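Common to both upcoming complexes is subunit A, partnered first by subunit B, then by subunit C.
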Partner chain A sequence: MWTIIHKMGSPPWFFRFSGVLVRWLLPITISLLVMGAFWGLLVAPPDFRQGNSYRIIYIHVPAAVVALAGYYVMALAGAVSLIWRIKMADITMRAAAPVGAVLTAIALVTGAIWGKPTWGAWWVWDARITSMLILFFLYLGVVALFEAYENKTAAARACAVLSLVGTVNIPIIYKSVDWWYSLHQPASIKFTGESAIDSSMLYPLLLMILAFYCLFALTVLLNMRAELLWAHRESSWLKQLAGGA
Partner chain B sequence: MYFESLSAVWHMDGHGFYVWLAYAFTAIPLALTVWLPINRIRQHWRWLQAEQRRAASASSGSANEAGG
Partner chain C sequence: MSPDRPLLSLQAAFTRQFVRHMRSLMASPADVANPLLFFFMVVTLFPLGLGPDPERLAAIAPGILWVVALLASLMVSAKLFASDFEDGSLEQLALAPYPLAVLVLAEVAAHWLTTGFLLALVSPLFAIMLGLPEQGLPTLVASLLFGTMCLTLIGAVGSALTVSIRRGGLLLSLLIIPLNVPVLIFGTTAVAEAVIGGNPESWLALLAGLALGSLALTPLAIGAALRVSLDS
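And now, the complex of A and B:
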């Protein structure tokens, strides 16, 4: 266990390992996304009340789910970088922030587009939507804060603190549909008890959630590789790799 | 397959505009989040290899500049 963690902290090892991972993840992610979208858009039956507009669920829910899970990844990496001063953790944190921001933006925009035919409004200041908007600003905040500092060590520390403070928002988003009177429907998929969604609609949704998780892993790894390449451009291990290739 | 024709897929009983707009607003940013770092990696890599060639030709002396 500890040796794996130790290896993860080593840039040359991580660079080689992530290279293999990325080569597998890219085709897997693309095929999962294409399969899920095809299934959700063309094969699944329409919702008996919402008609075909519900098909937005196959991108809206996965984007929102992974945006939330991604925040934990970012905050956890922030905590590790803050406590143990591991450079790789700091790079992970900063690689996750823009991906999370994009996913949150997708959840917000697709939600707005879904809201128009369903609720009759593009936007409402609803508890869940507002807390998702705060999540979007938290992600953007981490990206912007890092750029704002001249001293990158201080910048990484400030970003880590911001991402840790922001975790307060995550349970609020989860619970918002139960705590406040909300237009947003409560969760349809439950781990305990029966889901409130038919399996003909559930399976493509689960497939898309898996696809978005793969996409998150892929883009974070790609961002980390880009960052590592530049940060270690003077290192001998990288020069050897570049020379040998 | 639920739909019977391509135009039915496009219209989706009046919801086609919303559904396709939402999918477009998802596909484009996602494609960019994958493509941008790949492009960055490629640029960094090219820079590294050029740097290697420069270093190699500098160390082998001016007589052998074409090598590397």
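And now, the complex of A and C:
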């Protein structure tokens, strides 16, 4: 077990390993995305009330789900880097932050696009939307803090502290926003009412969620590889690799 | 350090640190007054921007007072550790044979007493100017007492993270505003509840819980963040 962790901490080993991983993950992700999109956008039946506009959930929901999970991936990597000072954990955290921010933005924008025809407004101060917006700010904070430090080792540790504080706070934020919403707003919008989603719509959604998880992993890995290439551009193992290729 | 002088106990070190900061804060009363003046100024802006209609002002007074309190705490936390960082006393603190988290807590406590605490005490004045009904005043003070404690502690985390960065002020607001959302929600809801004659106790209890939780956990984050800033 420990040898694996130590190996993962070594940049040359990780670079080779992630190369193999990417080679497998890339076709899997693409085929999952294509299958999910085809199934969800063309095959799944239209909603009897919303017609075809509901199909945006096949982008919206997976983006939102993975954006949330991404924060925990980032915070976990931060904790690992803070406790064991493993360099690769730093790089994981730094690679995950912008991906998470983009996914959150996608969820917000697709939500707005769906909200306009369905609720008649681009933006509603609904509990979930507001929580998502705050999650977006949390991600941006990590990205901005990392950029602000000149010393990138210190930057990674500062971001680790920040994302851990954020992690403790996220459940409290979610709960408080939930209460805030139920107190301040009449329940004019029934989002979670009645319908348990029909399985003909659910399966493509699950497939898309899986596809987005793969996409997240793939993007983070590619980000990390780019980061490694840049950080080790002068080192001998990389020159050897480039020379040997 | 001479070996014949025994080490201070942690408690004594904390007290000494606290007294030192209280003294230096008291030495410049203008700095203590500034956040209060800021609070006053921004509260004045709202009637000017929204119109003088007393009923409408009273309805949104809890929100105004709380948002302005949050902004004031944001403003003061930007420079919480700045001077100690520049003159090197933070480095000495980090070298001291005591947990940095505890020593820093003394500084944050002194800081809170001269900002958030005072702000909570004078807030009824501004609340009356905005026409907040009287039954809301005790809750306002109580909620601000607990709430500014959270705001100061969370602000201290942000301040510790950004103290080594030039122009860290704007970054600081991006870092800590999202974390302050629950405090704002609990605070305004407590006051609003008291105004309509409801029972604000559960909200105040939540705020107090948040304050105690931050008191227990944030010093660790502040200490870790300061060490990062000193290393960079």
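Here, the second predicted complex is superposed on the first by the 217 of 245 C-alpha atoms of A that agree within 3 Å, B and C clash if a C-alpha of one lies under 4 Å from a C-alpha of the other, contacts with A are read in each partner's own complex, and residues count from 1 in each chain.
Everything that follows uses one rule, which is that contacts are C-beta pairs under 8 Å (C-beta built on N, C-alpha and C of every residue); 3 or more make two chains touch, one makes a residue touch a chain.
Here the structure is a predicted model, which is why all the values come from computation and not from measurement.
Peer 1: Could you say whether A:102 touches subunit B, subunit C, both of them, or neither, answering first, second, both or neither?
Peer 2: first
Peer 1: Between subunit B and subunit C, which one contacts more residues of subunit A in the superposed model?
Peer 2: Comparing touch counts on subunit A for subunit B and subunit C gives B.
Peer 1: Of the partners subunit B and subunit C, which touch A:217 in the superposed model: first, second, both, neither?
Peer 2: Neither partner.
Peer 1: Check whether A:177 is in contact with subunit B, with subunit C, with both or with neither, and answer first, second, both or neither.
Peer 2: A:177 sits against subunit C, while subunit B stays out of touch.
Peer 1: Figure out whether A:157 sits in contact with subunit B (first) or subunit C (second), or with both, or with neither.
Peer 2: After superposing on A, A:157 lies in contact with subunit C but is clear of subunit B.
Peer 1: Using the touch definition from the top, say if A:141 reaches subunit B (first), subunit C (second), both or neither.
Peer 2: In the superposition, A:141 touches subunit C alone.
Peer 1: Quick one: classify A:60 as touching subunit B (first), subunit C (second), both or neither.
Peer 2: In the superposition, A:60 touches subunit B alone.
Peer 1: I'd like to know which partner A:88 touches here: subunit B for first, subunit C for second, both or neither.
Peer 2: A:88: touches no partner chain.
Peer 1: I'd like to know which partner A:51 touches here: subunit B for first, subunit C for second, both or neither.
Peer 2: Touch status of A:51: first partner only.
Peer 1: Using the touch definition from the top, list the residues of subunit A that touch subunit C in their complex.
Peer 2: 82, 134, 137-138, 140-141, 144-145, 148-151, 153-155, 157-158, 161-162, 164-166, 168-169, 172-173, 175-177, 179-180, 183
Peer 1: Okay, in this complex, where on subunit A does subunit B touch?
Peer 2: Residues in contact with subunit B: 26, 33, 37, 41-46, 51-53, 55-56, 59-60, 63, 98-99, 102, 105-106, 109-110, 113-114, 116-117, 215, 218-219, 222-223, 225-226, 229-230, 233, 238-239, 242-243, 245.
Peer 1: Which part of subunit B faces subunit A closely enough to touch in the complex?
Peer 2: For this pair, the touching residues of subunit B are 1-3, 9, 12-16, 18-19, 21-23, 25-26, 29-30, 33-34, 37-38, 40-41, 44-45, 47-49, 51-52, 55-56.
Peer 1: Using the touch definition from the top, list the residues of subunit C that touch subunit A in their complex.
Peer 2: Where subunit C meets subunit A, its residues are 154, 157, 161-162, 164-165, 168, 171, 174-175, 177-179, 181-182, 185-186, 189, 210, 217-218, 221, 224-225, 228-229, 231-232.
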